[in-house]
Structure formats: C-alpha cells, structure tokens
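A, B, C and D label the chains in the order they appear, each numbered from 1.
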C-alpha cells in the first residue's frame, strides 16, 4: 500500500502542472513544477546511517521537490564528505569512547576529528556569508545557507550538493541544533553579526505547499520534520498522498506517534487520502520502498558509473 | 533514583554561584544565578496535556533556569489562556472531527475557534514587533518573542507569563513550526519584513550552559528539545545531573531513544554523572516526581489561594 | 478510568451471587462466590519485581477470585521464600555474570544457589505427588500442584500460600516452562511417571468463567496470561470490566498488543463494557492503582504488624 | 549478521552428528540428526499472518528440527485448511464486527464459521484419542496430539502435516489456551476423561536440547515460545546460534524484551555466541531472511509445481 501511495505521487508528478495565467506569474520557487509536489522529511539519524545514499539518489535524480530535516540531517551529510562515520555497537560505553574522541550515534561512531574538519571547512564560509550580509544586504535563512553549503561542498556524494544543483529547497528551521549551531555560537564571538532569519523560510515553505496542485509526503521519523511538512500542507487543504515510517506510538499523545488519521482532523491530510504508516525502522524499509518505486525509473548504465 | 538526581540539582541550586571577578562582569543573562543551572525541556504534547500546570508551577516559583520547547509547547500555553482544550478520545475519526472544526491531538480536542482567537490576539503584537524592529532596530529572536508574548498575555495561568516575570529564558529555535508559523506566514504577506534571528539565541543558550557552575537537565520527550539541551551542555564539559522521561527506543539510532550513556561519549553528560532515563509517559511520572521534589519547598497557603 | 473499572468490580464483588437452585448444586469451585468474579493475570517479571508483594496483598485479603500466570510467576514466588533476589542493572554483562553464578532478569539478579535451594525443596514434594498418584489415583494438574506447593511453603510472604489458604485457584497451563519444568525433566529420569494434566484445568478455568455473574479482568503483561483469561471469559459472553497494563503495541498483530476493542469482536469483552488499557510499566502503575482501590478496604493495624 | 547466524546453523546442520556408541543407543527422537539442531519458535499471530507459508516451507523441506509455538500457532494452521482468514483493518470496531460473526486478530478477520468447521473436524478426533487412551493406554501429550492432528488434516498446506510427515516434534505446553482449549472444555463435559500430560513433553523437549551437538534458535515474538526454547537450551550449556525477531523492549524486565545477553547470564546462550536481535515486525523480516538463507537450497521446479 505504501508502494501504491508513492506510485500515485510519481504518476501525478510526471504530468505538467497546467498553470493558470496568474500562477505563471508566481515566483518560480513557489510555482508548482508538476501536478504533484513531493515533500521528503527525515531525522538526522537517517543521514548518519546508510539511508543517506538513498536520499542522495532521490535528490540527484530530482525525484522530490522539497526537503525538511533537522540540523543533524544537514551537517552529517557534509561531514561525511570530509571524513567517514564508522560502524560501532549500541553497547560501547561512553566512558571508554570519550577518551578516544569517539562520539556514538546509535551503533555508529563519529570521531571528534570529523567535527574539527567541519569547523575548518565551514568557518570561512560563515565569514563570507557575513560579508555578503553586510555588503549586499543578503538576508540569510536556513534554506539559503543550506543551498550555499551544497554549492561549496561541490561533491556528488552530498545530498545537498544535488539539492543545490537541482534547485530543491531544503528547510531546517532549527539548524542551530547541532554542530552548525556550535559553529554559529563560536562565530558569534569571533566575528559577530550574522543573522539567520526563520520567517522568510516559513513563508517559502508554506507558499510552496499552498501553490501545489497535488502533494505527497514521505516522512521518516517524527518530531519537527514530521510536523513541519504536515503543517505546511494545511495551507493547501491537506496532502493527497502520504507514507510515514517511524516507530513512535500514539499513546503518549505525540505528533510523532500519531496515526495519519489525526492529521485528517487538522486538514493536514485530505479526508479522501489513503495514507500509510509503517511501524518499522526506516533503514530497513525505505531502501526497499525506493527500489520498488522511484528507482524503477532509472536504468543502470552498462559501464556501471551511475549509482 | 530520579528523585535523587533532582534533589541534587535542588541542593546545588540552593547555594550561591561564588562568581569570580571576571564572571561578575558577565551579561546578567549569562551569569550563573546559583551553583546549579537547571534546564527543563518538553515537547508540545505535554503543554497540550495537564502537565502544563506542573510546568507553570516550576516557572512561577522560579525553580528552573532555562526552558527549551517546541513551537506547540509555546503556542498551546497561550491558546489555553484564550479558550479551553477538551478531552476526547484517541479513536475519534478525522472525517467526523474535520467538519466540526475539531483538531485532535492524541486524546485531546482543540477547536478551530481557539486558533482564530489566537490569531486575533497575536497579529497586533506581530505588527508592534515589526514596528519596533523598524523604529528601534530591535533584532527579534524566538526567545525575545516568547518573553514578549508572556508579558502581553498577562495571565498567571500561563507558563510564559511567569518566565517573563521571573526572567527565565525560553528557547524554541523552530518556533515557526506550528500556529505561530502560520501567523508569521500570513503576516509576511500582510505586513512584510519581520525577522526572527536564531543565531543570537544559540549564542545565548550555549553561553548560559558554558558559564554554569553545575548543570542539571530534566527533559520530557525527544527530538529537538532533548538534543538542544544536551548540545548546549557540551559547552561546559557535560551536565552533572539528568532525568529523562520518554518512551523512545534506541534501536532506531534516534537521539530521542538513546540511553544517557550515548551522551557521555559526546561530552554532553559528565562521565561521573548518574543520569536516569524513565521509560514512561511523562504525564504519569512527571507530576509524581515534582510532588516528591520541587513541590516540597512550597507550603500551601491556609486560605488556599496559591496553586 | 482504570480506578473506576476496578471500583465497579469491587462493588459487584461485595454483593452476594444470588444463586439459582440449580447453581446451588454446582461444585463449589465452579459456583460464583459473589456478584463479580475477578480474574488477575500477570507475567513472571512482575513476581520477580516488587509487584509480588502487591499481588500477595490481594491474595491474602481474598480480593480476587482466580489467578493466571506463567511458570516463572509461580516459581519465583516460592524461590523468594527460600532466598532473596537482588537489584542489579540492565547493562551488567552476561559473560561477567555467568562465572559468578548470577542470572539476570531485567535489572534483577537471581543467584544459581536459589535454584539449588528450590530443587532441594521441591524434589521431595514431587516424589510425594507421584506416590499419591500411584496410591490414591490423584490426577495432578498445574492448579492442583500450585495449591499443594502453596500449602507446603507455609509462609505468609508467598502469594500461593494465601491462594491455598483462601481457595483461590491459580492456573498456569505451561507450568513446565521454567525451573519447575527443569525439575520435572530431572524427576522424569530419576523417579518417572508423574503426570500433569492440562485438560482438567481448562475445564475448571472455563467453568469458573462460564458460571460467573459478572466478571472483571485485571491483567499485567501479554502473551499467555492475557489471552487465557480473555478466552475463558468468552464462555460467559464477555467480561464486564477490564484493566490491562502493558507496553505491547498492536501493529504486529499480537494479542498482547491488541487494544481491548479487538476482544469485543470475539465476545471476550462485552460490547457495553468500558475497558481500559494503560500503556505503561506495571511496576509503576499497579501499586498506585491498588492503593487507590482495593487497599482502601483495609485499615492498617496500629501496631503495624499487618502488611 | 542474522543471515550469518542462520548460515552457520545450516552449515553445521549439513554435517553428520558423529554419534558416540552411547548416543547411537538413544531413543531416535532424542538422538541428534545432524551437527546442529535448529529450534524454531513463533507466536500465533505469525500463523494468522502470511508467515505461515514461510514456516510451512521450512517444515516441508525439513530445514528445522523442533518447533515451539502457542495454542493459536497450532489451531490457526488447521483452521486455514478448512476456511480462509480475511484481510481487514486494525480499526474495524468490535461492536460492528461482533454481530457479523467476525473475529479480529490485528488487521485480519476470522469468521465464527471457521471455528464451527474446526469443531466439526476435531471433535471426532478427540473422541478417537480418548478411545485410544482407554483401550491402548496411550498417554497423550500436546506434541503427540499435534502430530496426530497433522496426520489427520492430510493437507500439504499445513505446517503440521509436514511436521508429522518429517518427524519434526512440535511443542505447545499451553495448547489449551485457545480454540483447542474450548474444544477440550466441551469435550470434558460431553465425553470426559481425556488427559493431556505436559511432563512427558518437557522431558522430550529438554532431552532433544541436551543431546544436540550444536544448536540454533530462530524465534519470532516473545512470551512462552521465546522462553521455552531458551530454557531447554540451558540443558546443553547454551545455544550456539540465535536470531530473535520481536518488537518487545527490555525496560519492563520481560523475557520477551530482554536482549540476548541476558540469556548468556543464564547459560541459555553460550558466551562465545554472537546472537542477533532484530527489533522489527517478523512479517516484514522473516520472509526476507528465509529467502536469503534456507530458500537458497531449493531450486524451483521448471514446471512451477513446487512452492
């Protein structure tokens, strides 16, 4: 049923948007590109894990229209371009890892050095962003910053390199909640004045949803990334299609754990929609789902250079 | 054991900070107020639920030093000052609720009208904030906005009224992720130009943690609110005390589900700390915990007017 | 709401059964003792934990009518009369514990020696049971064996001592699934021939349910103990009251995780009933529930010798 | 890693047992058939679901040596030979289903009629079993009964038909906990006297484990089926290989939720073993696992008649 939902998104997405004359005049970023706008959301653990490559595949082939992720979902992608993450174990002890400079994320290990490389890479970019703010009056937002970082990383292994290339907006309103925040904290003392505005991003996110013809939501995990996409889809009277993969439960009243039907009451999902929630670890399910849907559009090259 | 952790926070918090001459010169907002800085985090469902009153109690009696919550954790508090939330049921159907204008949050129902009242209340404040930005050069941040809203609501039932009165900073970097975001979206068309900067807030949040003598974390739920407090506590070499209440599991590699020991590897919790994770619904556990710890400091008035 | 369910059970249970002349002729074990038959079910971990004392309280004061538990739920009660269980930690390593002869059950530790003491105690009883089978033609069943063990332990700390004294039948169809099974395995080589029949027990269990006037189910945990009580209540057209405490989820289609409404479709719970499922650890919730319901009937003795 | 565990079981299982002269004299049922005895356990929901066909495949091709399941895991297999189970939905209401005679099991529906067909089929078999008990002195046990039912069903769609044909013992100590129990209850009034002894079954189960050379455990779900296989493997000093698929969590101290390391402390799993727990719905994972392991041994017939 999840495959069916995704295939309906793809079917509508393969059709033109049939814009009205008024819609033709919209800012291109708000103007629907097809008959279905696909929103992809995921929490940072999925970028730490190998699901990053599946997400990058979708961005590279421009199979999605808008991304929402958390701070870690941004920075871990760039950091992986600078140095690798290692496979550890859920039960390695903190007191053993700390002296070795190894940070545990579930069963993965990220060395402190990776964050040093990240600092070396991002600090000059923050300086440059501040310079542009002062000189050209640029009002930076998280989405503009992510696009800039995607341009600067210039690495086809990066999700956000492809988002930059393919003009896929990426929203992360709490981008300060992680290593990027640490850098902005230090930068605020070293070279103060950089502003990251979240009002313009919510205007953009909600406008994209409001102008979409049909819309589909594919969301892994809960919390901010799940709610943010749902909330925006209220602006168009509810999403048409939805696939949600997470292990959260409804009994604690969390949005993460809510069944899709809760979103129907809010007008975040249409009453006529047939959304699917999969109670499973996305690292297990999402690659299977993509292999049976989006990936069918791509023929592997015979010389094996592609994906 | 959770009670023990909280009592240690309270014990240190009852002692003066013993500031060095250099620390005396710090901006008062960054200067530690006692020997232990207590960070309280909670997701929005807890404000939708009756835990709001317990949180308000802690803010009213200035028993905590810093709050981190999600967008819903802010707005639901104000909306409850304007109109009530109702008890429904987890299994009421979206298609029945939608035509009645009832939005379901777990087993609670919030009428659409509540959000209309919220719009009527907040829109003039947003106008005023924009005017101050233009006229006085105010750089608004989520925490400044929350303090302003707390002042404006002027209602002792509100958590953020007491945070304003008691100068307890409240951070919500993704404050756009909910009804406040909807309002900012509409405001950006009606009366454009308001900026909400998240860089200054991360500077403030991290500085408070960095300057704290000891620190304690009490966190209900996962996602942003859990990670944000943990990340800030890295700036002081790790929190000394911690109590975490949530139902998330570690196997999916989420930060929400991670055991406290994962945070030790990152230096977010000290190696010597004895943090406690309670796998339970916070609505059940948190009021019990507060009753056996913080609430013991308060004598009920004989004429029964307090709390 | 759970308190309400339990209070309704207690209210009906305080009334006489008003037996018909035909019912008066029933075997006393099948004849309802009051207007409500209360079934209590729990998995073995709750007897390993301190909930054992709360269960014993209910048996001692004859507040329940029938118990269903798993093999561990039987033997851990007797073993605790012989030697204590210790508090350990969920993360003690098996390879460290094994050489020390410490068996981990969650965060509890049971020394090997306890099972040796159990063997020394139970083996002569098994011999005696076999002798009675041979000499008097006794057909042993799990429930008869449990009553006999309750008599033999002769210790007011034991749940099953009180069940024996108060004629509360205890069913455990898979009583071989644990240390008692190990003993029966060894006994089957040393002194072969003992038979434990489960047909007579299902006849008894189902008959008790079938003849009950009203019935209530209080069940902690899932699996066999939950299903067995439900299945029996089908014989009377469904239970009238129900309180279920467990952390299992429905998405995997398990009976343990099923919401009470699934049981309505089977006629295990009446359509008119208002059963309550609490998604929580029973060690947290059950003592609170009992304190607010059953325990209110008992006045503590002034010299403090009771409970 | 789970694939690796299963492949090690298969590798050892492909080798002869190399019996000592003393072992050659063992009752064939206790005598190891190869260098690795594979125990398969599963809860009843998996037989209600489509995993039944995967289990039947393993029994048909004699790829496992011993099965433990719950009462529903036995009866639902036979009932599916008599009439189909239907796909419904988790949220169909009990009060709507009850008048239609539809029993819900998760998202599946089993009509009352299926149980009537089951009664018609099994009652004469129970009569015959009782006759053999009286006439030939047969001591029936759950495992003997299951083998007899497997013979009587005479249907290659049945798991237990193949277990009977391939002499794979199937243990279900609480076989009375379901529809078979209902039948035994009624039979105990109509035609009393049938005895089902569980002592002989535990002797057999534990002896099979005790005599095994190496052993592997593949267990889906928790409760009795998980514990029973673990407990038996204590008799040989712990299993060598293990794959566990369930969604239970350890924090409530349940055996179902315990990590494999808990079993190491008990000697149920060897210290040197590398068991794997998969936190997932088995309906998703088990068919994938079997397809990549056991199923590789079988070549599909070109005329497509097999499986």
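As a working rule, contacts are C-beta pairs under 8 Å (C-beta built on N, C-alpha and C of every residue); 3 or more make two chains touch, one makes a residue touch a chain.
Here the structure is a predicted model, which means the values were calculated and not measured.
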Required minimum of steps from subunit B to subunit D, each step between chains that touch: 1
Same or different contact residues where subunit D meets its copy subunit A, judged by the half mark: same
For subunit A paired with subunit C, centre-to-centre distance based on mean C-alpha positions, whole Å: 50
Gap in Å, rounded to a whole number, between the CA centres of subunit D and subunit A: 44
Computed distance of Cα centres, subunit B from subunit A, in Å: 25
Multi-chain contact sites of subunit B, meaning residues that touch two or more partners: 249, 251-252, 279, 281
Complex interface listing, subunit A residues touching subunit C: 91, 249, 251-252, 279
Subunit D contact footprint on subunit C (complex, rising order): 43-45, 48-49, 70, 72, 90, 92-95, 97-98, 102-108, 139, 142, 173-178, 181-182, 184-185, 188-189, 194-203, 206-207, 221-224, 227-228, 231, 234-235, 247-256, 258, 261-267, 269, 271, 281-283
In the complex with subunit B, residue positions of subunit C that touch it: 279-281, 284-285
